[in-house]
Amino acid sequence: MSTARYSYLGPEGTFSEEALRTLPEAADAALLPARTVPEALDAVRTGDADAALVPLENSVGGSVPVTVDDLVAGGPLQIRREVVLPIRFVFATRDGRGTDAVRTVAAHPQASAQCRHWLRDTVPAATVTDVLSNATAAIRCAEGEYDGALSTPLAARRHGLTVLAEGVADHADAMTRFVLLSRPAPAPPPTGNDVTTIAVFIAHDRVGALLAVLTELAVRGVNLSRIESRPTGEALGRYCFLLDCTGHVADARMGEALAGLRRICRDVRYFGSYPRAGAEPPVPPPAGMSDADFTEAQSWLARVRAGDADPPTG
Amino acid sequence: MSTARYSYLGPEGTFSEEALRTLPEAADAALLPARTVPEALDAVRTGDADAALVPLENSVGGSVPVTVDDLVAGGPLQIRREVVLPIRFVFATRDGRGTDAVRTVAAHPQASAQCRHWLRDTVPAATVTDVLSNATAAIRCAEGEYDGALSTPLAARRHGLTVLAEGVADHADAMTRFVLLSRPAPAPPPTGNDVTTIAVFIAHDRVGALLAVLTELAVRGVNLSRIESRPTGEALGRYCFLLDCTGHVADARMGEALAGLRRICRDVRYFGSYPRAGAEPPVPPPAGMSDADFTEAQSWLARVRAGDADPPTG
Amino acid sequence: MSTARYSYLGPEGTFSEEALRTLPEAADAALLPARTVPEALDAVRTGDADAALVPLENSVGGSVPVTVDDLVAGGPLQIRREVVLPIRFVFATRDGRGTDAVRTVAAHPQASAQCRHWLRDTVPAATVTDVLSNATAAIRCAEGEYDGALSTPLAARRHGLTVLAEGVADHADAMTRFVLLSRPAPAPPPTGNDVTTIAVFIAHDRVGALLAVLTELAVRGVNLSRIESRPTGEALGRYCFLLDCTGHVADARMGEALAGLRRICRDVRYFGSYPRAGAEPPVPPPAGMSDADFTEAQSWLARVRAGDADPPTG
Amino acid sequence: MSTARYSYLGPEGTFSEEALRTLPEAADAALLPARTVPEALDAVRTGDADAALVPLENSVGGSVPVTVDDLVAGGPLQIRREVVLPIRFVFATRDGRGTDAVRTVAAHPQASAQCRHWLRDTVPAATVTDVLSNATAAIRCAEGEYDGALSTPLAARRHGLTVLAEGVADHADAMTRFVLLSRPAPAPPPTGNDVTTIAVFIAHDRVGALLAVLTELAVRGVNLSRIESRPTGEALGRYCFLLDCTGHVADARMGEALAGLRRICRDVRYFGSYPRAGAEPPVPPPAGMSDADFTEAQSWLARVRAGDADPPTG
């Protein structure tokens, strides 16, 4: 059997690499850093990689637009797992200089957004420049282009920087959620604590269209753990919504809800069902919404349609 | 082949008999008058009759409680058809006496309710006594017990009364809706303009339970042509709801709505799908709610569950 | 000060009289029996009585249509209080005869409906005839017209009948709810456990109109303890809905809900706010729906409209 | 009178400057470029500027997170107007070189996101580097740091670059919406075609909380032209929602909806009512939702509370 290949948002030393290395299946795999999220995902689409690990959202910076947009607009991919990683930046400098000698800082925009107040307090005079990744920040600092860098512990160490501060963050508990994406395939089996991710495109000229979408879910007892709007690019005011629904595509209630959305929306795209990461306990389906409830109701309906007598049960 | 037997709310001469005689299948059948609605329905349950025709509601007097209660609480029966009949009472007297000689009037309570103002204006001094049927009013007037009767044209003629006024009604267009009930059997095939009648029992201690019932219907594009509350007899404030839904039990949207109600309600009882009487044109299902829409969504869901790639269609 | 006059559904000995006698204010009042509910109510409208006590609904027989229809269609009246009375019929006969000598029974239709099974079991061969009131049943039995009567303890005693059975009822806990109606006046002050009764007329040609009515209430945290549909008399399928809402017209949430219904319905009629009878404990308003919450939100809105800075409170 | 001062997202030559120059009131004002959106907004908060013009969202790239986050988390500011500008980038190079000599490109992330396919097709081998603004891209290209730049027409001309392509965009009709913000003040008067922008913070542990928010708006006939979720920074799965509502804070329906949100949400922040830019015609309030309808319903409620008789109007 050939070695599995995983692409990830590189370069080496990113939080994406760190997240990927938490997966047991990645231990013996070839890890392929990609320059950008679209390149990491295209490697899967073309078959150069079996799966790709990229960031999807951060608890402080929010959604990672490039991931969402590529997922929504690109060729079909499916989420196989999610990895949630605490994000603890290091602030590191070249040649052992202290903070008062720092005039320029390299940082990924999500990093500087999450450390804005820390930077303002610690290196108030420094100019912060956006770079493409947390690892790039360390590299370009090591190359002498910037005095300091917000980066990952891994990248700072690899590139010989001096770490002045660890665990840098405005919010102590910042987390990033990464997803592992593959080409379309049947979902992993339900675990009882799953997420189903979809995008819905609503008719922009219909009042109450979003209310209708939420009602389709609520009526089947499907809860949302996340809703995000993204422009479709057609015009201001045209959005699609990326939804994380609690449950698995194999669940009866989820299937009926998805089919309901399919009927009322302009388009629905399915991005996979996969186990929820983290310690939150599973939420059982509401009363009347278990698979057994659906089966019972369906068999009652079959009896009713067959004309069988159905004595009161109340 | 043996002759069909139809029971109806008697005695002979009632509007029920008149309604029954509008059905072609009743032309050669044995018509069996029953003293009460429960007796007419029990004749079907025991096999003494093939079907029963009884009144269900009137556009002025409202629901006929005895029919609803027997239907809801009794052994299973199903509505096979409905008959809507304009209700035009006659006011008739014995021995040709005029209105000024009328001191006592016999009338069925639904009749006196529908002619209250007419009676007040025409025979203001008369005492109106409730009797069991419109035909009974004529019989007891003919027997000398009452001076006058509100009755049907048929009964007044049969019992030799003098008709002083025809088309008596406070509301010119009063209609009664009768239903023909049989033992449980598959529904007649959809006609495109059908009614499905059900009763739902909701958990009395759940806020918003009725809102939830209506939402189950609305989400599947099922409209209501009638809703009626009836006490369950358990306590004040405990109701069941009799619903006339637009559509046929064989429709995909109706099936899903009924199964949804089955899951969230304490009990649901199905009383049949049958063609809508009268001239109102059929209402097509809303966008996304046709059988074809359900089939397409279901096959999309099957592809999604199978892990097939589903390129954007938007 | 002149003596208060109360009309009630007579004749003497009805449950209405019994209910009226439970009111302290009726102790020294003149009690005026009326032949019918409309007569009892018209006595108030014309000023012949100060208030009228009539039955509104029964836990077994359901609504009392004549009361509802007169309230909805007649001149304005308002409910001042409700009285809930357990309904225990007596079965009584003339001349001490036993049940096996009973061929004919007089009963009010609500009484025979509530004792149907008891009558079937006890006097299976008897013909039951509808009479105008429970008291009338005793009177006409005493006059020799019927062998037996379903009646009230009071009426059976007054008219010298032999009580063969007390506490007669198919449902042991049958209750009737009576209401005391006066000409329009400000409601009695809130007690914290009040009912507001209204009728709403919805546009018959609007899909989801009833859903919209319930949503207006639900959004303001107003619960329903009762909903009843009554035909408007215009045509089959045209209804108004009589609603008992939990709360008082002086409550902010109730006021906003009523005004909301006024805006979206064809018509809304208000029939009074009054203390809830019986032992059910008061239900406090849901979170965010107390008068204090409304006041706070209104004053926030005033600040917002005035352009005042409103720092985050989250 | 002193000269008005407007800060904007600089440096000189940005689309923000271009948008600001479309405002008549900016003709004689001092225009103050700021390095970042937070600096532009803080200038208003501290009184160094009277108002600030910054980008809020783009039809392709979506929301501008830094603007939204600063607005939501910072000291109170209010939107006074919006400006919608078509976004047409130029692709420009230094020293007149052609596309085949371009190895490195400077671009603002929103610009490269909106021109991703164009860049891939035109300069497939080039590395694209994020810079802080469209104007910065031109400056650093002119300084020799990059071969080419995606920039604005204004900046390319000012810095002496050679424009190789105009109107560069993957989507021909990309628009950016800018907002002019001031310190809190009463809103400009209603024009009949206004927007009200708010942020709502919902209780994260309440199922259906977003459904409840949308229902508060829908019940008062308030439509949404935009909904955007942003993380609150507390944890994954905690969001606030930025809503653009159709209507003005002075409208009765908007006021009642805002007060309703205030009652059920953890927090609501109001960011102003202002005229809608662009050619879309105003949408009149739905039936029953005009100010006149609210006034009528309120006066009816006052009559009802006063105990006045209100004859049926249906």
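Chains: A, B, C and D, in written order; residue numbering restarts at 1 for each.
Everything below uses one rule, namely that a residue touches a chain if its C-beta (ideal position, glycine included) is under 8 Å from a C-beta of that chain, and two chains touch if they have at least 3 such contacts.
For reference, the UniProt names are A, B, C, D = Prephenate dehydratase.
Worth saying up front: this structure is predicted, and the values here are computed from it rather than measured.
Student: Which contact partners do subunit C and subunit D have in common?
Tutor: For subunit C paired with subunit D, there are no chains in contact with each.
Student: Could the interface between the copies subunit A and subunit B be described as same, meaning over half of its residue numbers are common to both, or is it different?
Tutor: Same: most residue numbers at the subunit A-subunit B interface appear in both copies.
Student: Taking each chain's centre as the mean position of its Cα atoms, how many Å separate subunit A from subunit D?
Tutor: 25
Student: Measuring centre to centre with CA averages, how many angstrom lie between subunit A and subunit B?
Tutor: It comes to 56 Å between the two C-alpha centres.
Student: Give the residues of subunit D that touch two or more other chains, as numbers and ranges in rising order.
Tutor: 215
Student: Based on the touch definition given at the start, go ahead and assign the chain network to line, ring, star, complete or other.
Tutor: ring
Student: Spell out all pairs of chains that touch, sorted by label.
Tutor: Between chains, contact exists in these pairs: A-B, A-D, B-C, C-D.
Student: Within the complex, which stretch of subunit C touches subunit B?
Tutor: 38, 57-62, 65-66, 69, 84, 109, 113, 116, 129-132, 170-171, 173-175, 177, 207-208, 210-211, 214-215, 218, 223-231, 233-239
Student: Which residues, counting only subunit B, touch subunit A once they are in their complex?
Tutor: Residue list for subunit B touching subunit A: 73, 75-76, 78, 183-187, 201, 215-216, 219, 249-250, 255-256, 258-260, 262-264, 266-267, 269-270, 287-289, 293-294, 296-298, 300-301, 304-314.
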